[in-house]
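Following this line, the structures themselves.
There are two complexes below, and they share chain A, which is joined by chain B in the first and by chain C in the second.
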Partner chain A sequence: MITETPNGFSLDDSGQRIVVDPVTRIEGHLRIEVNIDENNVIRNAVSTGTMWRGLEVILKGRDPRDAWAFTQRICGVCTGTHALTSVRTVEDALNIQIPENANTIRNIMQMALYTHDHLVHFYHLHALDWVDVVSSLSADPKATSELAQSISDWPKSSPGYFRDLQTRLKKFVESGQLGLFRNGYWGNPAYKLPPEANLMAVAHYLEALDFQKEIVKIHTVFGGKNPHPNWLVGGVPCPINVADTGAVGAINIERLNLVKRIIDESRQFVEQVYLPDLMAIASFYKDWTYGGGLSSTNVLSYGDIPDNANDYSAGNLLLPRGAIINGNLNEVHDVDLRNPEEIQEFVSHSWYNYPNQDAGLHPWDGVTDPHFELGPNTRGTRTNIESIDESARYSWIKSPRWNGNAMEVGPLARYIIGYASNNPEFKEPVEKVLTDLNLPVSALFSTLGRTAARGLECAWAAEKMQYFYNKLITNIRNGDLATANVSLWEPHTWPHEAKGVGFTEAPRGALGHWIHIKDKRIENYQAVVPTTWNAGPRDAQGNIGAYEAALLNTPVANAEQPLEILRTIHSFDPCLACSTHIMSPDGEVLANVKVR
Partner chain B sequence: MSDSPSALLLGVGNILWADEGFGVRCVEAFAERFDIPDNLVVADGGTQGLYLVELLRAHNPVIIFDAVDFGDTPATMRLVENDDIPAFVGAHKMSLHQAGLQDVIACARLLGGCADNMLLIGVQPVELEDYGGSLRPQVRDCIPQALDIAAQYLADFGILLTARGDTAPPGIITPGLDLASYESGRPDASIAWRHGDERVLNRSARD
Partner chain C sequence: MASNESFYDVFRQQGISRRSFNKFCSITAASLGLGPAFAPRIAHAMETKRRTPVIWLNGLECTCCSESFIRSSHPLVSDMVLSMLSLDYSEVLMAAAGHQAEAALQETLRDNYGEYILAVEGNPPLNEDGMFCIVGGRPFLEQLQEMAAGAKAVIAWGSCASNGCVQAAKPNPTQATPIHKVIRDKPIIKIPGCPPIAEVMTGVVTYMLTFGEIPPLDRLGRPKMFYGQRIHDKCYRRPHFDAGQFAEAWDDENSRKGYCLYKMGCRGPTTYNACSTVRWNDGVSFPIQSGHGCIGCSEENFWDNGPFYERLAKINTPFFVESDADRIGLGAVAVVGTAIAAHTAASALQRARSNSNAAKSE
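And now, the complex of A and B:
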């Protein structure tokens, strides 16, 4: 049957059904079902979050000052972003002003997280959708060296370096420890890189793996420990003591110098390794223009990185805020997280009950009441579903909407909004990439556009670490050592009842937390996470979400090895753990594909 | 700083999922029971993945506490060493971080310098589908023995422990998430739905 969705997509579920469950190399658990036509082109797509997640319900009755620590435990990726969002939410509710240094340090931590997350995503979660590891074993090290030296000044590029690396890799593969590289779709015709480009990328996969450990040391410096650094409602939990005569663990000159060194190295790695690799790989996939989905019409960003403390207005946010709808780049709408009409979550196709099933609820009025029920056209059993019935409820993820519109969030959304706002920090790098690859602006709205935006943003984040580092040093030199405001720390200073909202841009997109505090305790807590925006199911009107839209009209070279589905889904950097519950029945295989 | 690397005691798992919190609760209990000598690092690995790679490369020996599906009777402990560990944390994966742990070890080996001596102290969980819940009593009762095993393993490497003199919180886990606060602050079952997705949790249907 062919259906036209209100948001402009044509769905046809008559063809062969392919099920990918679980989609791996992501955080959390996601199932994708598609129908392909007689030419192996995807004509219907269904995104199912298969896990229950109940962050909201475990926070009821807790101390609001502890909420960040719980939210940080829901998954293993954007832990710091949840913690930051949570402390901002509580500060908003209690009207707590944080010191300038606290804002600056939080920004450095958030930008360190971006740099780390984007780098790790590109090399360790996404690159293998474009890079064939097995092919790299047949590369000529000398030609690889020539390729590497032609695109970058990065010193690790000699023929001997690539030869040694190749030998080590062969040994690793032959020892049966394929480990990280097990069960890839190696040899799939959708891989287009020559062996030398594959070898170069695999070398950088390993270098990035080694380098990423440096970036997170910034979290150890400012958060006291890592993993799971400490955060604080009212500021940051690290005193500044440049003379190094006070508390153990205080920020001293030695630690600041360490941070400076890591920032320098991060900028260098991104400029000389990540971006050249991204451009080199993209140049072989220029004709793979699929995966745009909602990006050419509807994108959303809350904005983030307040330049000055305590000002969350759009003008003070270095990452742009706004919403674009219907593809009109000439109008960037403002976004208000408090307006009950703007952001609403719907559950018509989700496994939850609402008092009024088809009405949306603003997060402050949010309800998390699970109700698992399969549609009549489901094939299989409740515990072993062969194919899901998307006409009924089919996901543990809710459907968030902005003024009723399904939206894409994430790096591409932020870059499109920055581009449309004529913000040179975003527009100029985009134009340079398009010029260098000789591509039109429309090429931005694609899977590769998403991947490219993430790379540009990684470079942007590394630069901004430097900016805020300088700002911190200047402020310290001027004698401002305050890092926390504890004047409203004690609950007796709080009002009887308060509501607050906090937001960040997580690496993978807009993240908001909404809190209702009553009698010093959490009465209600709701989180709308980026992957909820992107991976959510259809709404009552039949509008499809970002994942579903992005998969449509993509040809699949081999239906038994739907590499193309992984490519596009991975380009969103899914993190299902916080949009759904964390149990995973089996993550062993790259993707368990069932073709029906 | 001495020439030989320090030892590592690492607890992994998600404290929000009942017995999944075993690993983290072990390192918390360890730090409450013993003074931590300079040549030992105690880390709450929580839900982290790649962040842990460097820990496995920087330390030796390494002891990992974790809840693992060995297919054993619930609350049974098993010890697994060195090359056998990846198979156990990969073959019966039941949680996110375990998929991660196998990859973490693979990454550490691929980069070189992964600890030569690793011991996994695993427990077969009793209950996982209790979101916001704590360790079941049988699993909690395994902790003292798990710590004894760890102490003995460290003693074999010449790391001798003494009982902790200080009564202040050792700071391994964030205040508010410590076992006592976590359990006493839990909302009532009437307002907090606690169960997982029967479809994915019904392992027998899949097996």
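And now, the complex of A and C:
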């Protein structure tokens, strides 16, 4: 049957159904089903979030100052970003102002997360969609060296280096135990890199695996550990003591030097390895222009990285803020997270009940009442689903909408909004990439555009770490050591009732938390997260979300191997624990399974 | 654990002929895109040493355990996955997806039954017929129990698998359940923490590979080598505790001097973990060193023992370095909750004294 969606897509579910479950190299549990036509082109796509943990109901009744620790456990991949959003939310509700140093340190931590998360995504979660590991075994190490040296000054590029690595890989493959590379799609015709580019990329896969652990040490310095560093309502927990007695137990010059070294190394790795690899790989896939989905029409960003403390207005945010709809790049709309009409969540196709099933709810009024029920056209059983029925409820993810529109969020959304806002920090790098690859602006709206924006943003973030490091040093030099404001720490200083909203741009896109505090306790807590925006199911009107839209009209080289599906889904960097954390308000116990 | 039998040995035991084995090697070589010349080399490798297969499953969790694991500095994770073990299934890192991923699981079950280590991140929800966590169209619980059946040992990564962690905090709406309650017949090594320290994770695995046995465990199933003592016992700020020197507010003078965070809610005195000794991220720091108290993330029910910033006086706990979890569990130690309060009072006196001494000397 052919259906035209209100947001301009044509769906045809008559062809062969392909199921990908589990989708791997993501955070959490996701299922994708598509229908392909007789030419192996995707004509229908269905995104199903397959997990639900419900953190918000667990938060009910707890101390708002603890909320950051709970919400941080929504996700251990984008670790810290929920915690940062949470402390901002509580500070907004209680009108707490934080010191400049706290804002600066939070920004350094958020940019360290971006740098780490984007790098790991590219090499360890996404690269194998473009890079054929087995092909690298037939590469000429000398030619690989020439290729590497032609695109970068990165020192690990000698023929001997690549020969040693290739020998190690051969030994690994010859063992017959392929481990992580087992059953991969090696040899699929959709792989386009020559063996030398594959060998170079595999080398950098392993180098990046060894290097990424360095970046997070910035979190360890300021937050004590990573994943899941510590945060604080009112500032940051780490005091600064540069020169006095006891400085060894605080942020001192030795700690700052460690942070500086990591920033330097991170910038070097991104500029000399990540970006050159990205450009080299992209140059072989220029013709693969699929996966644009909603990006050419509807994108959303809340903005983030306040330059100065306590000012969350668009003009003070270094990451751009705004919404673009209907592809009109000439108009960037403002976004108001407090307006009950703008951001709403729908559950018409989600496994939740609403008082009015097809009406949207603003997060301050959010309800999450789980109700797992499969549609009549499901193939299989309730606990053994062969294929899902998307005409009914089919996901643990809700469908958020901005003024009724399905939106794409993430690095590409941010870069499009920055581009449309004529912000040179975003527009110039985009234009350079397009010029270098000889591509039109429209090439941006694609799977590769998403992947490229993430790479550019990684370089941007690493550079901003340096900017805020310098700012921190300047502030300390001027005698400001404050890292926390405790004037409203004690609950007796709080109003009887308060509401707040906090936001960040998580690596994967726009993230908002909404809180209602009553009698010093959390009355209601709601989070609307990036992967909810991107991976959510259809809404009551039949508008499809970003994942589903991006998969449409993509040809699949081998219907038995979901390589192209993975490519496009991975370009969003899915985070399912984030998208499906929502809670039942009463935590009622449903049907039980016996524990043996 | 000490079994070092080769792939060929397993084939032989299953009554498979040399001829079939060679054929398998040829098919493997072909399926990898390698020439027929590789077949004898694969055969040779399979006849000799094998890397221990590891199956890593993910239930309800946040993936902080996988993220922590790849932070390991010694050994490096690249060495772990290329040379030390065979990570045959990890939804976070593996190349294959969907049917090919499920096939990897079934192949391991078939070819390495009784030989692989099952590593579990997260836990199964039991409500809603287990469908709060679906993998391959089925409840995660089924996948977990199926794979546990053929495992020689099970590692419970992190607090989710070990204790339930955040989704099991009250009121636990999905009935998220630690894995030892659904796997009854296998040794389970618990590595609690949210997440555990990277080098503790790889340390436990390499201990098993190196010494061919499960590390000695305490009463709660945790390796004694990493969970035998409390954070407080080895905390470098312990002398400040003993001297009665405490941070009284965030960013106050005492915080900047690195005084004890007990009054800020630190759970170090009741938390068994290696944070104050191994430390985090190649030894860079740990929560207390960076100014925030321990929140007790490796302890059972730590989410419901809050608020985190309320000091510990209410919690009954022994106060002797010698009291490991076994002894406490056996009830050998009397309730000494009041001991902390008494100690604090004594420390305050001592501090007053030292302050006046300091004033005199100035």
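Convention: the second predicted complex is superposed on the first by the 574 of 596 C-alpha atoms of A that agree within 3 Å, B and C clash if a C-alpha of one lies under 4 Å from a C-alpha of the other, contacts with A are read in each partner's own complex, and residues count from 1 in each chain.
Going forward, a residue touches a chain if its C-beta (ideal position, glycine included) is under 8 Å from a C-beta of that chain, and two chains touch if they have at least 3 such contacts.
It should be emphasised that the depicted structure is a prediction, and the values quoted were computed from it without experimental measurement.
J.: Since both structures carry chain A, what do chain B and chain C do when superposed there: clash or fit?
T.: clash
J.: May I ask you to name which of chain B and chain C touches more residues of chain A?
T.: Greater contact footprint in residues on chain A: C.
J.: Per the contact definition in the header, classify A:29: touching chain B only (first), chain C only (second), both, or neither.
T.: Both: A:29 reaches chain B and chain C.
J.: For A:210, select first, second, both or neither according to whether it touches chain B, chain C, the two together, or no partner.
T.: In the superposed model, A:210 contacts both chain B and chain C.
J.: Looking at the overlay, does A:340 come into contact with chain B only (first), chain C only (second), both, or neither?
T.: After superposing on A, A:340 lies clear of both chain B and chain C.
J.: Under the stated touch criterion, which partner chain does A:6 make contact with: chain B (first), chain C (second), both, or neither?
T.: Neither chain B nor chain C is touched by A:6.
J.: Please indicate which partner A:160 is in contact with in the superposed arrangement: first for chain B, second for chain C, both, or neither.
T.: The answer is neither, since A:160 touches no partner chain.
J.: Just checking: does A:189 make contact with chain B only, chain C only, both, or neither of them? Give me first, second, both or neither.
T.: neither
J.: Contacts for A:50 in the overlay, against chain B (first) and chain C (second): which applies, first, second, both or neither?
T.: Both partners, chain B and chain C.
J.: Would you check which partner chain A:375 touches, where first means chain B only, second means chain C only, and both and neither mean what they say?
T.: Once the two structures are laid over each other on A, A:375 reaches no partner at all.
J.: For the combined three-chain arrangement, which segment of chain C clashes with chain B: 43-51, 61-69 or 97-105?
T.: Clashes with chain B appear only in stretch 61-69.
J.: Shared contact residues on chain A for chain B and chain C?
T.: In the superposed arrangement, which is not itself an observed complex, chain A uses residues 24, 27-29, 50-54, 57-58, 62-63, 65-66, 69-70, 73-77, 79, 120, 124, 172, 177, 179-180, 206, 209-210, 212-213, 216, 226-228, 230, 370, 372, 382-385, 396, 577, 583-584, 587-588 for both chain B and chain C.
J.: What part of chain A is in contact with chain B in the complex they form?
T.: 24, 27-29, 50-54, 57-63, 65-66, 69-70, 73-77, 79, 120, 124, 172, 177, 179-180, 206, 209-210, 212-213, 216, 226-228, 230, 368-370, 372, 381-385, 396, 577, 581-588
J.: Residue numbers of chain A touching chain C in their complex, please.
T.: Per the touch definition, chain A meets chain C at residues 19-29, 31, 50-55, 57-58, 62-63, 65-66, 69-70, 73-77, 79, 120, 124-125, 128, 133-135, 137, 168, 172-187, 206, 209-210, 212-213, 216-217, 219-230, 232, 234-235, 237-241, 244-246, 248-250, 258, 370, 372, 380, 382-386, 396, 481-484, 486, 489, 560-562, 566, 577, 583-584, 587-593, 595-596.
J.: Per the contact definition, I'd like the list of chain C residues that touch chain A in the complex.
T.: So the residues of chain C touching chain A come out as 7, 25, 28, 32-34, 38, 41-42, 45-46, 50-51, 53, 58, 60-68, 70-73, 76-78, 81-83, 85-88, 90-104, 107, 125-142, 165-167, 169-177, 181-182, 184, 194-195, 197-198, 237, 249-251, 255-259, 275, 280-282, 284-292, 295, 297, 303, 306-309.
J.: Over in the complex, which chain B residues touch chain A? Could you list them?
T.: 14-17, 43-54, 86, 90-91, 93-97, 99-100, 102-103, 106-107, 109-111, 128-129, 131-132, 174-177, 181, 185-188, 191-203, 205-206
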